[in-house]
Amino acid sequence: MTPLQLLFLGVFGLAAIWFGWRVFRTKSMVRSALSLLAAMVALGGMFLALDAEFLGVLQIMMMAGEMSIMAFFMMMYMMDPGGMSSMNMTHQQRPAAAVGIGAGVLVLALALLTPWPPAQALAPSATQQNHDLGIELMTRSMMIFETAGTSILVAMIAAVATALAYPQQPD
Amino acid sequence: MSSGGMDMKRDLLLVLPQIVLLLTAVGALVAEMLRRRRLGLAWTLGGLGAAGAAALRQLGADTTAFSGTFRVDALSHWSVLILAPAAGLCCLLARQELRGTPREGTVYSLLCFGTLGAALLAGTGDLMFLVLGLLINSLSGFALAAYSKTKAGTEGALKYFIYGTVTTAILIFGLTYWVGITGDTLLTSLARPDLPPLALAFGFVALITGLGYAASIFPFHFWTPDTFEGAPVSVAAYLSVVPKIGVFFALAQVGRSLPANGPVAWPLVLAGLAVASMTFGNLLALLQQNVVRLLAYSTIAQAGYFLLGVVGLPAGAGARRALIVFAAAYAAMNLGAFAVVLSTGKTLADFRGLGTRRVFAGAALTVFLFSLVGIPPLAGFAGKLLLFEATMAAGYTWLAVAAVLNSVLSLAVYLRVVAAMYFGGTGETSDMGPVSWAGQAVVVTCFLVTVLLMFVF
Amino acid sequence: MIALLLLAPLLAALLIIVLRRWPAALGLAGSLGALVGAAGLLWQVRHHPVVRFTWPGLPGLPYGLGATPFTALLAVIVAVVALLIFVYARGYMAHERGKVWFWASMSLFVAAMQLLVLSADWLLFVTGWELMGLASFLLIATWHWEEKARQGAVNAFLLTRFTDLGLYLGIVIILLQSGTSLMQAEPGPAIPLVGALALLLAVMGKSAQVPFQSWLAGAMAGPTPVSALLHSATMVAAGVVLLLRAYPLLPPASLPYIGAVGGATIVLTGFTALCSNDIKQLLAASTSSQLGFMLVALAAGFPGAAVSHLVAHAFMKSGLFLSAGLFQHQNESTLFARISGSGRTAPVALAGWALAGLALAGVPPLVGYWSKDAILAAGLGAGNPAWYFGVAAGGALLTALYIGRSLGLLWRGPARPAADAVGLGLMRAGLLGLVGFVVGGGFFLADVLRFVGYALPEAPAAQLTGLTAAALGLGLGWFLRAADVGTPVLRFVQDNYPIGGGFPALVGRPTLALAAACGRFDEYLHRQVLGLGGAVLALAGRGRRADTRLRQAAAGVGPATLALAARTRRADAGLAAAVQGLAGAFRRAGQLSRPVQSGLVHRELLWTVLGVLALVAALFVSLFRWF
Amino acid sequence: MALTICLSIAAVLFGIGLYGVISQTNLVMIMMGVELMLAAAMLNLVAFWRLLHPHTYALQLFVLVVMTVMALEAAVGFALATQRFRSRGSVEVEEAADLKENA
Amino acid sequence: MNTFPLLSLTVFLPLLGAALLLLLRPRGRRAAFAIGIGTAALTLLAAGLVWARGVPGGFAQLEELPWIPAIGAAYRLGVDGVSLPLVLLTAVLFLATLIYSANTSEQPASFVALMLLLETACLGAFLALDLLLFYVFFEVTLVGMYFIIAGWGHDNPKQAALTFFIYTLVGSLFLLLAILALYLGAAPHTFDMRALLAHPPLGGTAALLTFGALALAFAIKTPLFPFHTWLPTAHTAAPAAGSAILAGVLLKLGGYGFIRFGLQMTPDAFRQLAPYVLGLAVFSAIYGAFAALGQTDIKRMVAYTSVNHMGYVVFGVAAAALRPAGGPFGLDGAVLQMVSHGIVTGGLFLLIGALQDRTHTRDMGQLGGLAPAYPVLSGLFILASFASLGLPALAHFPAEFQIFLGGYQVAPVATALLLVGLIITTALYLRAIQRVFLGEQPAVLSPLGDLGARELWAIGPLVALIVLIGLYPEFLLGLIHATQRLIMAGHE
């Protein structure tokens, strides 16, 4: 890891945390969605800094798409999408904060206390990565891959079945 | 790198039951598109039967497919052998309950998909199968729970969804630590003795959280009663049986690989959860006036019994047998109970006088409930006997004692229904319309299995 | 012969119960059959001294029936006395209610006594013993619509059954020591003192010895033939028979106890008889007293004397009872106040009474003279003559006193017209038969005893003392008055010395109170056991509740209040409340855990996550030893 | 060093996500919290792959699986939200408390 | 040797009858009871044939079929001198109670079917030689009894039945744990009782704990103080036939269990703990007697005497466990006592049922003077009472006397204490007789009159058996004794 990579990692990480935090601190859902998008993009940046080019790009592209969809839904379901009247979208703040902090601290302690092996200095090149991932997909993890595909099919069916309004019965 | 010795044809043949399940689900969807409901039902039943037959043909094998990511062993075979008929019975129940509603065929398809998810969970050899099996199972479950599109239905589904997504997120986050310390996603890599205990423990708790929600283990069970009440009865029956069996078999697969005498005393954790689940479920079931909710709490309690089998795993093969037998028994008695509820009504008052009004239904429900208590010679007893045996063999006698005391408590729960049926006078409410052949077939099948299971294995 | 002897009365009893008609005839037939059997048996043992049948009873403990000359003689005496009393009873019961009950029980009673006499093993012995108890219960309760009869019957059976526990214990000890249930011709080593005392307890109960003499007085509530049968050759005699049977096994150390009991009884019950103002009560006390003589003789080491008095007493006492029954029949009462003077109008009854009474007092040549002399002689020959002889002589004097007093009371007083009661003829016939034996029996007594293998002790000093006591007693007694003076001391003596209120107060009431307490405690226990289940469950649910501490307190109070309320409000109907309490406790336990199940998804989610965190934290803490 | 940075950032993101899940009243906002938690998981996986096991591509595949989970749950979640909105007029979870014991 | 499966026939004949009833669904009472009584009579005949075939001492007439070979469970039946008397008792009592209840008008077909199911369960429990099979039958008895009490009882039967069910289920579940412990302790794992009897598998603390679980299970069933409180409640609520079966047969499962499981499978643990069991049994017997004396309800009173009598049974078994040399009498007596108690108390409950039909009350304070009005009923009741209080020549005496003999050898003082129970029993029965049957005849009488043919046919044979056992106990004792010697021989 070069110091530059470390720097990027830190900066993107802090950005992700900042935007992640902003998600729940705005009074407007649109702003929340945009904050989430920014956090995801920062995360993608971290992936890139970690030499995972394919995943980083995928992350940024997917999240962009997803967030735009999310924004639409927000406007559909929010009483006040613009956040003009500063309504409260939260409850049980105190226990939630306690739980959130508690869980964060716990995981942080876990990450710090676990004796990780020394970090690898070099990563495979991007092309090598893509090649090897492809091999992985087509051999060992083929069934997993296919199952993931199946899950997409299931999600489509489930989403459609759930979302569509019933047509009037002809009877 | 792990492609050496891969034989695609062999592997595909090994997962044939799962492939058949997938094809069945897709075929049912096609039938729905063609608006051929009866065809869809027939196709589904046939496909489920075929999946069962495929699993039956392979019975006895103990190997893995796709480089160890999917296990082909007794658990995965029996999961299909139990879940396919159970799903078929759920389809029949759905036929009785939802006949003529829009997109009736989608239900069959989703039931098959959910079963596929449970079957994948049962054979999981890789962490990603845990995630994906759970995902497929949950996604179809969300849609099924929301099927009625009423306020109650969507509320139940909403809770189910929130619980599912949150616990799945915790599960995945925890599993990443396992991946980090083992450097692999295979379950077998957990067997190494030198893994850092903290991360191992964290991953395990996350695993319990994610799987526990689907299996309604305390304290991840909160969605259960509301969702059961809001969903169609046939879907509630499905939710109480199919995901649960898949999840416990998956837990058993993990338990096979995770060393019990390592740093993480996971059987102890599960034992504690088992006691909590049983006690909590039975206590709250005592209060219910709604039989569906009562059965929902009873599934929470029964989840505790399932955990007994997982706790007993380190002691030997007996625990796996116990899990399988109890799963079969549980499927039969629970589905049977829901089937009678479907044709009778949801409140306790609806059951008054059932014993004299419809003699067979009353007798069958009595048998199902006594079986849930674990009274011999019914199927539930066979399962509990083996579970207790496995638990005691593993040295958890106190757990067996707790389970025994809970059985006593559960007796009070179920006898309330029995007493209402036979000694509660005659109810003024009429039944929910004529009982179709489909519902009757379910009751008869479950009755036969519940009564005969102990004499045929 | 044994079969005939036993089965005839038994069959009669069964037939009476089943047919419910001709009770008297069947009873008499059975009694006659028994007499024939007894006579035949006596004839048998004349040539073969021991006749014995055994058949399997309990494993290793066979049943046996048998006869020796002694038992055959006893059987004959029982049969004779019974037959004569039956004849008498045919007249006595002619117009009374409950004939079926009476005759069936009488027959059963005779069968039981014969079984006891002829048993050759201890199990059949105790069978006869207890069956006799049952029959006596039924007989005393013949007129069960009268409170006195019911009470008397229950008291008699309860008291004797209590002392029978001693018999059980004694027999258990004997069997364990000898290894067989058969009564051995060659007795083994003596049993421990505990066993002997246990047997003595049984004897004290059955033979109405102090302090268990009171049931006998209560038993007078039955018809007079019943009293006659009970008090002469059967029920009370069984105690002495037991002692005679067990005599070879008794350790010497136990004899003084027997003597003490017998002596005390002679004196105490003698005074009771002397003070009695009821003719049947007098006889009851006298019976105890006379049996005391037999015990004394046994304790002195002269069973022959005891046997002789047993035989003599059977005839004397039954005769006395039968004549008392005649008086009773004529006057509808047994109180001296009501019957005094009636002796003058009832010559047969008075003659019977006088002859039997004089015999009892020891006037020669009546049978009682010989037997009493034998006992006095036995007293002289005992290891401690001062006590044995003294008490026997005192007893003889007392006997003569109360006999003399009764004669005086019967003779003097207002003349009462002779009532023309029905059945008097048969009653008189029975009485006369018995008196015949009383008069003539004395001449054969020694020979008979020799025949059965016992020697009669003789001593001139004893004869002299006996005669003196008889003469003195009779003379003085004639002038004694009816003891109606209500002084507390007299009443105390009359009522069989009810120290501290007697058995009902000392034993009965505390027992009943204890029983009632047990009953109440049991309901309490039931409620507690039920409540326990609820409490345990409530406790189990408690751990999960972080935010309901207040409700916890309320929950702790709830079941307690409920239990308290149920306990104080209704002690009896607590059961229903308890069951509801169980359901309630379950319900409360469930309700307490319900805040967890609020139906609000976010709150439930919070619980879930807290649960996860707790699990993780717990696991982490448990893992620290791994670092 | 890099691993610590990554794991710490993931831990914080996970905590924030969990806070969001518990504190938000709106279904959509809850889903955002879940997305954050899953994002933290992905970050973990990528960091483990790069810094500990760069030759095990199952880790990368796992990242893809997590992305799938993210997308699919969002899709079904939105469908459910639509239906809920249609039947109840709101996707606020506090209003979803009609079902509980009335015993 | 004849290989016809007579034992299976005996066990499943009643079930066949029940199935026949369910198939035919006779409308009328007569048809239902004709089938029921016929089946019960055939069962009695079959049991008699089993007896006639001969039982030499050890397990005889074995039948074995594979059942669940994977865990070493099989369908195993066999009979010995301990089980055969109880089987005969069961067959007799069920026949008698079915005859007695032939006037049941409420859902007669269901009643008869349940009774027959119960009979199969009881017979099966006594004849099973496989732990699992035993447990199955053992539990089914609970279910059958629950329905009989709840369905045909009086005075709030639902709650009484629930109490009964929960209470005894606690016991039976601990039995299940004990069974599993025995199973896991045996090498190889097996549920075969013969193997476990031949070689008691457990030792040390495991054996003690297992015996504790067994003792709890059977102490509830028997019942011993302080686990007896379900009994009076259940009896008060149950119909006469149910009470007769409950006291006559079901309680015997407890005594049988103490012998078969406690004494034979965990002998050393039992010996170690025998003084405590003995003490509990003595206390239970005395307490039961006192509690019975404190009752005013005649049925409750008889129910409590069961606590007393079954205390003797456990006393006898514990005496046998404590010292084999003192055992013979104790064990013989205990088994015979179970039979005697079954017949005597069964008869008493039927008589009380008849009494209740006529007077519509069981409160002794409201009864009186019934002897002249119902001489046969009163006579039989008095006879049965005296049998129950242990009068010689009647059924209880030989049994109790042997128990005293056995007990005196090992615990003289306890035996002497036990005798106190005898006198209290005497007192309570005398009180009951005095209050209910003696005295002036009441003015108003039920039109029912004295015992009818149905009642006589039911109760008469029981009374005859009371006398027969009292006079000639050898016909059962011979059988019991042979087995007892084997048990004790293996026990030294």
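As written, the chains take the letters A, B, C, D and E, and residue 1 is the first residue of each chain.
One rule holds for everything that comes next: a contact is a pair of C-beta atoms (placed from the backbone, for glycine too) under 8 Å apart; a residue touches a chain by one contact, two chains touch by 3 or more.
Just so it is clear, the model here is predicted, and its values are computed rather than measured.
If you take subunit C and subunit D together, the chains in touch with both are A, B.
Here the chain-to-chain distance from subunit B to subunit E, counted in touching steps, is 1.
Counting contacting C-beta pairs between every two chains, the top pair is A-D.
Nearest to the common centre of all protein CA atoms is the CA centroid of chain E.
Here the spacing of subunit B and subunit D, counted between their Cα centres, is 25 Å.
One simple way to say how far apart two chains are is to compare their mean CA positions; for subunit A and subunit E this gives 71 Å.
Here the CA centre of subunit A is 31 Å from the CA centre of subunit B.
Between subunit A and subunit C the centroid-to-centroid distance comes to 97 Å (mean Cα coordinates, whole Å). Residues of subunit C in contact with at least two other chains: 594, 597, 599, 601-602, 605-606, 609-610, 616, 620.
Shared interface positions of subunit D, i.e. residues touching 2 or more other chains, are given as 14, 17-18, 21-22, 25, 27, 33, 52-53, 55, 58, 61, 65, 68, 72, 76, 79-80, 83, 86, 91, 93-94, 96-101. Among all residues of subunit A, those that touch two or more other chains are 91-92, 95-96, 99, 102-103, 107, 110, 116, 135, 140-141, 144, 148, 151, 154-155, 158-159, 162.
If you check each pair of chains against the touch rule, the ones that pass are A-B, A-C, A-D, B-C, B-D, B-E, C-D, C-E. On subunit D, the positions that touch subunit A within their shared complex are 1-20, 22-29, 32-33, 35-36, 39, 42-43, 46-47, 49-55, 57-58, 60-61, 63-65, 67-68, 70-72, 74-76, 78-83, 85-86, 90-91, 94. For subunit B in complex with subunit A, the residues that touch the partner chain are 1-3, 6, 11, 15, 22, 26, 29, 65-67, 69-70, 102-103, 106, 109-110, 113, 116-117, 120, 126, 128-129, 132-133, 135-136, 139-140, 142-143, 146-147, 149, 157, 173, 177, 180-181, 196, 198-199, 202. On the subunit B side of its complex with subunit E, the touching residues are 318, 321, 356, 370, 375-377, 381, 385-386, 388-389, 392-393, 397, 400-401, 404-405, 407-408, 411-412, 415, 419, 422-423, 454-455, 457.
Contact residues of subunit E toward subunit B in the complex are 67-68, 70-71, 107, 132, 135-136, 139-140, 142-143, 147, 150-151, 157-158, 162, 165-166, 169-170, 173-174, 176-177, 180-181, 183-184. Those residues of subunit B that touch subunit D in the shared complex are 1, 126-128, 131-132, 135, 139, 142-143, 146, 149-159, 161-162, 164-166, 168-170, 172-173, 175-177, 179-180, 183-185, 225-226, 229-230, 284, 287-290, 293.
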